[in-house]
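Each of the next two complexes has chain A plus one other chain: chain B in the first, chain C in the second.
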Partner chain A sequence: MPEIFIDGERYEFEGKPKLLQFILDNGKEVPFFCYHPEMSAPANCRQCYVKVGTPVQNRETGEYELDENGERVIRWFPKMQTSCSMEMTDGMVVHTQETSEEVARAQKDTMELILINHPLDCPICDQAGECPLQIQTYKYGPEGSRFEVKKVHKPKRVELGPRVTLDAERCINCTRCVRFTEEISGTHQLTISSRGDKNYPITAPGMEFDDPYSLNTVDICPVGALTSTDFRFKARVWEMNQTPSIDITGGKGTNVDLWTRDNLVLRLTPRYNKNVNTHWMPDEARQAYRKFNENRISRPSIKADGDNQIKTSWNNAIETFAEKLESVKPADVMVLGSAHASVEENYSLMKLFSTWGVNDFHFSPDVKDGFGDNFLLTDDQAPNTNGVKALGFNEISTDDLKTAIKSAKVIVLLNDELVDRGVLGSEDLEKPFVISLATNETETSKSTDLVIPITCIAEHAASYVNVEGRIQRSLPAKETKYTHRKMDLEMSEGRLDRYGTNFDNWVNEDNKIDCTPTWELMNNLAKRLGLSVQFGSSREIMDEIASSVSTFEGVSFERMDDENGIQLTGITKEEVSA
Partner chain B sequence: MSFDWKSYTPVIIPDIPNLHEIDVYTNNGGYESLKKVLSNDWDPEKVINEVKAANIRGRGGAGFNAGLKWSFMPKPDGGPRYLACNGDESEPGTFKDRKIFEYNPHLFIEGALIAAYAMQCSAIYVYIRGEYYSWIKMMEKALKDAYDKGFIGKNILGSGFDVEFHVTGGAGAYICGEETSMLESLEGKRGYPRVKPPFPAQKGLWGRPTTINNIETLSCVPLVIKNGADWFTGIGAETHPGPVLYGISGHVNRPGVYELPTGMPILTLIEEVAGGMRNGKKLKGIIPGGSSTPILRGDALEGVNMDADSLREAGSMMGTAGMIVMDEDTDMVEMLWRISHFYHHESCGQCTPCREGTGWLEKILLKIRNGDGEIRDLELLIDLCSQMEGRTICALADAAAWPVRYTIDRFRDEFEARCKKSTYALA
Partner chain C sequence: MANNYEFTPEDLKEIETIKAKFPEVMPATLPTLWVAQRRFGHVEPEVQHLVAETLGLPVSHVHGVATFYTQYYKEKMGKYVLDVCTTTSCQLCGGYDMLHYLENKLGIKAGETTKDGMFSIQSVECLGACGYAPMMQITNDVYVNNLTEEKLDEVIESLKADKMPEFESVGMPQHTERS
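On to the complex of A and B.
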């Protein structure tokens, strides 16, 4: 196997990896800005310099020539090489900044040059705290600057499109954003304008940067030049907690991070998963954070005198729920699961009602034909269609649903905006008694008789099966009235949780929602109805599902965490991603 | 050198009226070399070997053996292969190719056709700088005439060899004279130099094997085929042979383009060929081959000849042989600032050291020029040059750094005189 010596250590490699990627893969570090593993290497930032040499071989025998000490004779490249574009060859010898003064000096030189026209406005820059330029300057940069003349001035606060704002002075011209639109999203909307130290990325005159994936350029921008118009100036990075989760606006199951502060989700960013979305996510999915904060239902409400809903107590809500069920036969109750809810939620609903006597379980699929793009957007608008199907919920068409509703006396509706997405009209829900378990106040929840607030994906740990049959789970990012960040081991800790005093943290009880996970609601209902159904945490529910539903065999939270999601074998891929 | 330059007869731009017209050109032995190689006994291999033996060193500045460059092309695989001719001529002080476009365009066309035949190229692109608008038009006319006469196109002169010939005008960027950014520009993209490897011979224009040659280099090719490699190597300097177009500008009495053998003594070129210094002033310095080549002091030119070896010994380079002559009244600080301003303006902005470094150099030089500089700024300038040289994708950073490094080195007294005494040292 071919070998390479990096800083005196021997490594073996296969194929033709690029040097920088190989160095990073092996846990070593070389500073870089323009390189991105998903895109071509333009080698323009000149930051990832290393010293490279190849052993001298005898032309005829192919044997390595040795010096008087029996060491291989190395022919060094006359100039230092950018490791991002360097192809590895057998026997290559590499020195990084760790073992070569010359390399460390060259990296420092480049850093000094990068910084001369950079505004250094970190105190007011959104990128500060997660800025590769900032981090690498501390690690590899010069101590000061010798630049005593005027910096170049360029346009600031340029709205490139509806979602992205540019500060051209901060730009270091790595061209990642330009290459993203050329190589990943394929819209070719960005280019570099002007020459030399006056250049910056921009759209063609009169054009908007309205790429459906435009916000990814904000993520990959190694400085604060491209910022999210929505998020900018909202929070400092170190004030937020970062919680791994799943996107629920589509069927792809894009891996995301939820960034929370003061119990509000402030932004979503993509989380790397090589099997699903790699580094990217669609712009639309980033808007989902609003649903976690705004229009949330807190405390149950019940319809009283006419069409007005009034808030009620949990006891009253459960009592009303149970009384309604007891007043009818199981055959008169229609239970609708939801592809917008998790596997655990649907399972707990199904288990309670089948124990009580209901036999048929349905859900209404949420598919928009032609919406998918063979990348990260799918026709399926729900995150868990395959999950509910695998649990045994039957798909029901709009017409069948309308007919079925007419004959039902009580309808239990798990979080699904049937009225809002046009499946039902609010008049369809007038006759039966409709109990909806919902996260957000919507037209659907307004048209129902009893609304019970449940936790959303940002508040519970639960799993979702994407269009390709991959099961992945969320972690709780927000506290509810009944959970506490320090008590829940699944909740992430931010820097302030770990190192700050109580007074450092942002605490506001107003942002805690009075809601409960579906399975806990089912527990209470079971107790009231006298059924022997009892659920533990969602982790335990998943273990129960794994042992009772064949599709989920072997699935557990631990495995999902270790393997970054599990591909279920029983589910055929509906769509194959490009 | 006791060479009698007056007895030399020009061959690249000979003294024949209306040579740019195809009939005049063919009446004076034009396209005979093309006919010669397209006849049966010259296979492409033989053409390449002949050109290699003639040791035509690239006239665009790098001075690489043209025949050797041609031999780097991979074996034909049936796909398209290209010859790209670099007529961007953007280096300040250089204006030689324009004479070929104007006075002897068919010599260049013939050379390009022979080169295309030698490398089995399917198309030739000639990239001419946008400012040369009239010469682009002239070239288009010349190509049309050559097409009409059957020298370009399908089955040239019944040999079965096909080649297409296209003219493209630049849009005024210096960087598009760099061979790989010229390819980008030809492809209709922004002129950014490409990372090498892959070299153009493997992946050039539209990802296909491509060779890039200077206009003057290609113009030498028909002469080599016609007169033989020995004739060519017999002209001028031994290691850098052939006729060359000297573009002499600056403070001389007769600035202009002069075709003479390589290896001409610089002082002979200034004193005799260009008619001596203007107004009888003293010579202060020369830039021998376009603005990026290191400046030479006027008092150190005795015995220095215009060929690669002699100039290397003297501490400079042949470049494009576009010589800029400066008299004793020249303000070296002003001159250097102006050159730095040019490179600052023309840096494409792709690589950090060049993008930021060229601007910084210019700003410091401006400060010195305005009398606000300090001695320590000179050290900073030299330091910056080390931070730029050899650290970028193309050679523009070197081209910007060399004039600064060598002008300060060779005229330091003048720079120091302009600087204030430093009050504190720079970290």
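On to the complex of A and C.
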């Protein structure tokens, strides 16, 4: 197998990997800015310089020439090479900044050039704390600069598009954003304008940067040049907790991180998963944080007179729930699961009601034809359509649902905005007694008789099955009235993130929602109804599902964590598009 | 973007010939921008859109190329653009004097265009004619060498009469010695 010597250590490799990626894959480091594993390597930041040589070979015999000590004779490249674009060959010898003064010096000098016109505004820059330029300047950069002349000024606060704001002075022209629009999203909306020290990325005149994936350029920008218009100046990176989660705005199951501070989700960023979304996420999915914070239902509420809902106690809510059920036969109760809720929530709902005597379980799929783009947006608007299906909920068409509702006396609706997304009109829900378990105040929750607040994905650990049949889970990122980060083992306490220390400065105890996970609500209801149904944590519920529903065989939170989600067998793509 | 510019059939034919020279369309950007600049006198954003549309390329690419090269005029310029060199050799030999003389004579500053749209003045970096400093170039074309105030007067007069100065062959010192 071909071999390579990096900093005196021998590595074996296959194929024709590029040097920088190989170095990174082997846990070593070389500073870089313009390189990105998903895109072409133009080698224009010149930061990943290494010293490279190849052994001298006898052309006829193919043998390596040896010096007097029996060592291979190395022919060094006359100049430093950019490791991102350097193809590895057999016997290659590489020195990084760790073993070569010369390389360390070259990197330092390159950094000094990159920093000539870079403003020293880290204290007010959004990128500070997660800025490759800042980090690498600390690690490999010069202590000061010899360029004590006035810096070149460029446009600031340029609104490139509806979601991205440019500060051209901070740009180091790595062209990652330009290559993103050329190679990943394919919209070709950005270019580098002008040249020399005056250049910066911009759209063509009269054009907007309205790429549906535009905010990914903010993530890959190695400096604070491209910032999210929405998130700008809202929080410093080190004040937030970073919790792995799943996107709930679509069927793709894009892996995301939720960034929280004081029990508010402040932003969403993509989390790498090579089987789902790699490094990217759609702009639309980033708006989900509003749903976690705004218009949340806190405390149950009940319709008093006319259309007025008043807040009520949990005891009263459970009591009303149970009384309504006891006043009718199971056949008169319609239980609607939801593709917008997790596997565990739907399962606990189904188990309780089937024990009580309900036989039919339905859900209304949320599919917008033609919305998908074969990348990260899907026709399916819900995160868990396959999950509810696999649990045994039957798809119900809008017409059938409207008919079925007419004959039902009590409707139990798990988190699904049926009125808001136009499946039902609020008049459809007038006659029966409607109990909705919901996260947000919506037109749907307004038209129901009893509203019980449940936790959203940011507050519970639960699993979702995406359009391709991959089951992935969330972790709680914010507390509810009844949880505490130090008590909940699923919650990360302190910032176990890439940039932080162990200090934790959540100072505000507000913003906690008075809500409960669906399975705990089901526990209370079971107790009141005298049913022998009992649920533990969502982790235990998943174990129970795994042992009782064949599709979920072998699934557990541990496996989902270890394997970044599990591809379920028995769910095919054809089934999904139906 | 509403476009007020249009290529003539001859232009389009020429662009087709240019495209045929390359295996891909992208390299045709530069010569096509020249066709456009010759036709319209500039490559304003609208013209960039036209070029992109004609070649079937992203506008952002054409914009990037057009802004990279200073010889493409990204705004309307005078009929004659006087690029006065002010880099080292010309500077030493009076490049700035020539520039300021022109500025006073035409009543505009470097980077501006006269009201009648006849002249624009630009102060440019080295044009590679240090041997005949100070010098200037007219509309990306003829070099006028060894400038003096009198010579500038002459050039302006002839340009006002729509006559471009003749190309001057100035031998290098070693050539003059040999002859």
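Definition applied: the second predicted complex is superposed on the first by the 561 of 578 C-alpha atoms of A that agree within 3 Å, B and C clash if a C-alpha of one lies under 4 Å from a C-alpha of the other, contacts with A are read in each partner's own complex, and residues count from 1 in each chain.
Definition applied: a residue touches a chain if its C-beta (ideal position, glycine included) is under 8 Å from a C-beta of that chain, and two chains touch if they have at least 3 such contacts.
What you see is a predicted model, and the numbers here were worked out from it, not measured in a lab.
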First, second, both or neither for A:422, with chain B first and chain C second: neither
Chain A residues touched by each partner, larger count belonging to chain B or chain C: B
Chain B versus chain C as contact partner of A:147, first or second or both or neither: first
Chain B versus chain C as contact partner of A:44, first or second or both or neither: first
Touched partner set for A:190, first chain B, second chain C, both or neither: second
Partner chain in contact with A:27 - chain B first, chain C second, else both or neither: neither
Which of chain B and chain C A:173 touches, first, second, both or neither: first
Contacts of A:306 with chain B and chain C, given as first, second, both or neither: neither
Chain C-contacting residues of chain A that also contact chain B: 191-192, 194-195
Sites on chain A touched by chain C in the complex: 181, 188-195, 202-207
Complex contact set, residues of chain B against chain A: 173, 175, 190, 195, 197, 344-353, 355-360, 363-364, 367, 380, 387, 390-393, 426-427
Complex contacts: residues of chain C adjacent to chain A: 1, 45, 48-49, 52, 58-64, 67-68
Touch list for chain A against partner chain B, complex: 41-47, 49, 78-80, 82, 85, 87, 106, 109-110, 112-114, 116-117, 143-144, 146-147, 149-150, 152, 172-173, 175, 191-192, 194-199
